[in-house]
Amino acid sequence: MASNGQALLRVENLRTHLFLKRGVLKAVDGVSLHVDEGETLGLVGESGSGKSMTSLSIMRLLPKHSGRIVDGHVWLDGTDLTTLPEDEMARDWRGSRVSMVSQDPMTSLNPVFTVGDQVGAPFRYHKLAQGAQAVRDAVVKVLGRVRIPSPERRLDNYPHQFSGGMRQRVVAAMAIACAPRLLIADEPTSNLDVTIQVQMIELFRELQRDSGLGIILITHDLGVAASICDRVAVMYAGRIVEVGDVRTMYRAAAHPYTQALLNSIPHLGQRRRRLYAIGGQPPSLIDPPVGCRFAPRCPRRTAKCDAEYPPEVELAPGHVTACWHPGPGGSA
Amino acid sequence: MSLLEIRDLKKHFRVGGGLLSTAGTVKAVDGVSFAVGEGETFALVGESGCGKTTIAKMVLMLERPTSGAILFDGEDLASMGSAGVKAYRRQVQTVFQDPYASLNPRLRVRTIIAEPILAHGRPERATLRKRVEEVLDVVGLPKTAADLFPHEFSGGQRQRVAIARALALNPRCIVLDEPISALDVSIRAQILNLLADIQERFRLTYLIIAHDLALVEHFSTRVGVMYLGNMVEAGPTSEVFAHPRHPYTQALLASVPRPDPDHRPPADAIRGEIASAMAPPSGCKFHPRCPHAMPVCNTEFPGWRNLGATHAAACHLLELT
Amino acid sequence: MTADATLPAATLPPRGWISRLRGRGLPWISMIILGLVAIATIFGESIAPHDPNGLNLGVAFRPPLWAAKGEWTYPLGTDNLGRDIFSRIITGARVSLVSALYAIAFAGSIGGLVGMISGYFGGIVDAIIMRLVDIQMSIPALALALVIAAVFGADFDTVVIVIIVTYWTWYARIVRGEILSLKERDYVALAKVAGCGTFTIFFRHLLPNIMNTLLVLSTLQVGQVIIFEASLSFLGLGIQAPDVSWGLMLADARGYLTNAWWAITMPGIAIMVTCLSANMIGDWLRDTFDPKRRQL
């Protein structure tokens, strides 16, 4: 067993490409990251930055035919998931040791089965409980863990009889049913109202405290990331541009993109006349720029930025950025 | 005088009544009043199901109110003839949330922007062309954009096209229904700044519907907080955000996750979930979730109480002081 | 201004339906078969090797050419009156295809318009129209054909009218369903806010969006309608001799099934192959136009 501090998940130089008619879309283009036991890593980025593709690569759930991991390794507890045969991945890993909560609780639940059936499915599939009564007991227990009131009674209800927040809890219960080592949460709160969002954030924290679960939280919401994460990695155009512990990232971000993101959103309680707007838009990932991918939109752009992709520099222990001109922001 | 005035507006929907269920009434908007002054930005804020979008639809005459009145420039929408409605449509335009759904994929941008103009007259081709290019320029798109189709644009650019279309008739008021929430984070600021610029330039009045409190604080001059079809607190944005008086406003503000690792939203800021709109709680609709609920909250609907010249809230707690 | 002026360099129109058709594998065999049927429809008797109604009892019951005693003169054999089956199939294509096209054009326009009105206006209009559709759908088509044939006499027009009356309901239902979701689109709401009238909304925002559906549905119905026409003629409610139709050929050959299997099989195969081709093209059109499959 890995002890605290030793990486639970280590992704090395992952490259995932989508082979489309238009060309090869380099959705993930050399991503390395690690998640320790009991830690939450936030993966922050805009749509198309590759954050969801990274998580699908870890789960090996890429779109059939078009998506493929072309390079890199995903080590989970010392096993390289990229080389496992599909049947072993399905039997021993996906849904049991590594599981996922997706954005939309309504499409994650099948409307024609009871909640008990669906939450019980992982127990039956991975043979963690034998017999109807044992499965039922296990389901009651796991629904209790996600704080669904009186789970014995709610077990036989259908998804539509649950409210949005409760449904998201059911989805979370399915994800943690088999006591996973790693949980990937893809925008788990973005369809929820703020007051429910807080309750979900609290739930994630509780789950982690109980079990030493490692969590990757994928979000575009910098507020949510700040509330849950221990460390934050910012993705842009298929690569991680900056990673560091949450305080460093929000207080002393060094990459101009991270700074721009923080400056471009309104902050509660700090009224500003104008927001800092990042001009332009992200590059095409079919034909990405040779140099730094943020260069065309960057205020610190120099000739070097266009010519060569910047190497990663460690500014402080654990605080790594890929930028030719890292430093405190002055533009906003 | 205020440009837009909403008086005791109600919208009730009948739902169900199928084979297995009895018909019920959803009181989506249940007696809301507010006024928007010329040049102001009034924000309606609240969680899903609070009725803010329904109000926007009634203001845009896409839904008919069950009762109550909407006054524009002092004139009641319900009593306008077809010429009056036509004139009203010239002056009130809108921008919707999803720029992918709000532009007809089969039409060129030129046709999309010209549509409102052509609905109100038959200008010469050259005039029309000039106007389309003018508004494209205002929203920061090149002239060549007019000949493209929506699918050739990114989300942010599409929203610019939608804004250009809303500006085409030189309206006085624009209803913004979650104008940035479907956009990427790095694009949101561009659009918000653009909206602020054109408001100043054309002296526009905005009615903005939003759920993002930080955005509302940044963008609006006055705010109305809604909960389950009622307005619970309204006032100048700076005052409401600095000194929220209604427990719901307070809970809402406390719940917002902030981009600050040292601020963790308190888990006990609010309990439970929003009640069903089909069977709302008696008395004050917020009382089952309210940390300060008193016996009277269960039975009596709280009245509107003025807390200053323009700040008001509906809560029994305020009667105590 | 912080606006970005970076637009795509090429001003491509969205891929029109013609280029979309070209972009995928075409169902070539089906298209060739339908093409042959179309040629037969246009030229009919003038390209038939024999007179389709030419009696010649001396050559009655000649088998097709690959059977024992078959000959090139009558490639698909002859029937009980010595008429060349190949020539009759060529001539009969006209009735089958023309009745199908007529009927589908009318049923599609009537049903489509009714469906649009029903879906767009909703409420009482919708309720009345949809009850009418329900009633129409519950009347057996053949019983209706009997009544119409009894009133107007059995001929080509009767066939077309029966098909229209039977098939418009399909269009009405499907178009109504499409309109129900289309009218909730944001751009329709925006058109209202802009001040556009119902006419503009119908023809600019709704009709273009249901054209694909209409086209696909129509293609899929060609097969059904040909079979329906054959059934009517087979029962004596449709085409009458001396006109030729595939259904009529089946009816004529029914009595000689045991000694001349080809007389009933050949028109049967013609019907089957034509319907199958129409259906395959319809399926392919549906897949091509389906936006979900258009992405990659």
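We just call them A, B and C in the order they show up, numbering each chain from 1.
What we mean here is this: contacts are C-beta pairs under 8 Å (C-beta built on N, C-alpha and C of every residue); 3 or more make two chains touch, one makes a residue touch a chain.
Bear in mind that the values here come from a model prediction, so they are computed numbers and not experimental data.
Q: Weigh B-C against A-B on C-beta contact pairs and write down the one with more.
A: Looking at B-C and A-B side by side, A-B shows more C-beta contacts.
Q: What's the chain with its C-alpha centre farthest out from subunit A?
A: Using the mean of the C-alpha atoms as each chain's centre, the farthest one from subunit A is C.
Q: Could you put a whole-Å number on the gap between the CA centroids of subunit A and subunit C?
A: 51
Q: Indicate the whole-number Å distance between the mean C-alpha point of subunit B and the mean C-alpha point of subunit C.
A: 49
Q: How big is the gap, in whole Å, between where the Cα atoms of subunit A centre and where those of subunit B centre?
A: 32
Q: Two or more other chains in contact with one residue: find those residues in subunit B.
A: In subunit B, residues 156, 190, 193 touch at least two other chains, as defined above.
Q: Residues touching two or more other chains, restricted to subunit A: which are they?
A: 277, 279, 281
Q: If you look at subunit C, which of its residues touch at least two other chains?
A: 2-4
Q: Which residues of subunit A touch subunit B in the complex?
A: Listed in rising order, the residues are 46-47, 163-166, 193-199, 201-202, 220-227, 246-247, 250-251, 260-262, 264-269, 271-272, 274-279, 281-282.
Q: Flag every residue of subunit B that touches subunit A in the complex, lowest number first.
A: Within the complex, subunit B touches subunit A at residues 47-48, 154, 156, 184-190, 192-193, 196, 211-215, 217-219, 238, 241, 251-253, 255-267, 269-270, 273-274.
Q: For a test of understanding, state which residues of subunit B touch subunit C in their complex under the given definition.
A: 60-62, 86, 89-90, 92-94, 96, 98, 101-107, 115-116, 119-120, 139-142, 144-145, 147-149, 151-153, 156-157, 160, 165, 169, 190, 193-194, 197
Q: Please name which positions on subunit C make contact with subunit B in the complex.
A: My answer: residues 1-5, 7-8, 11-14, 185-187, 189-197, 200, 204-205, 208-209.
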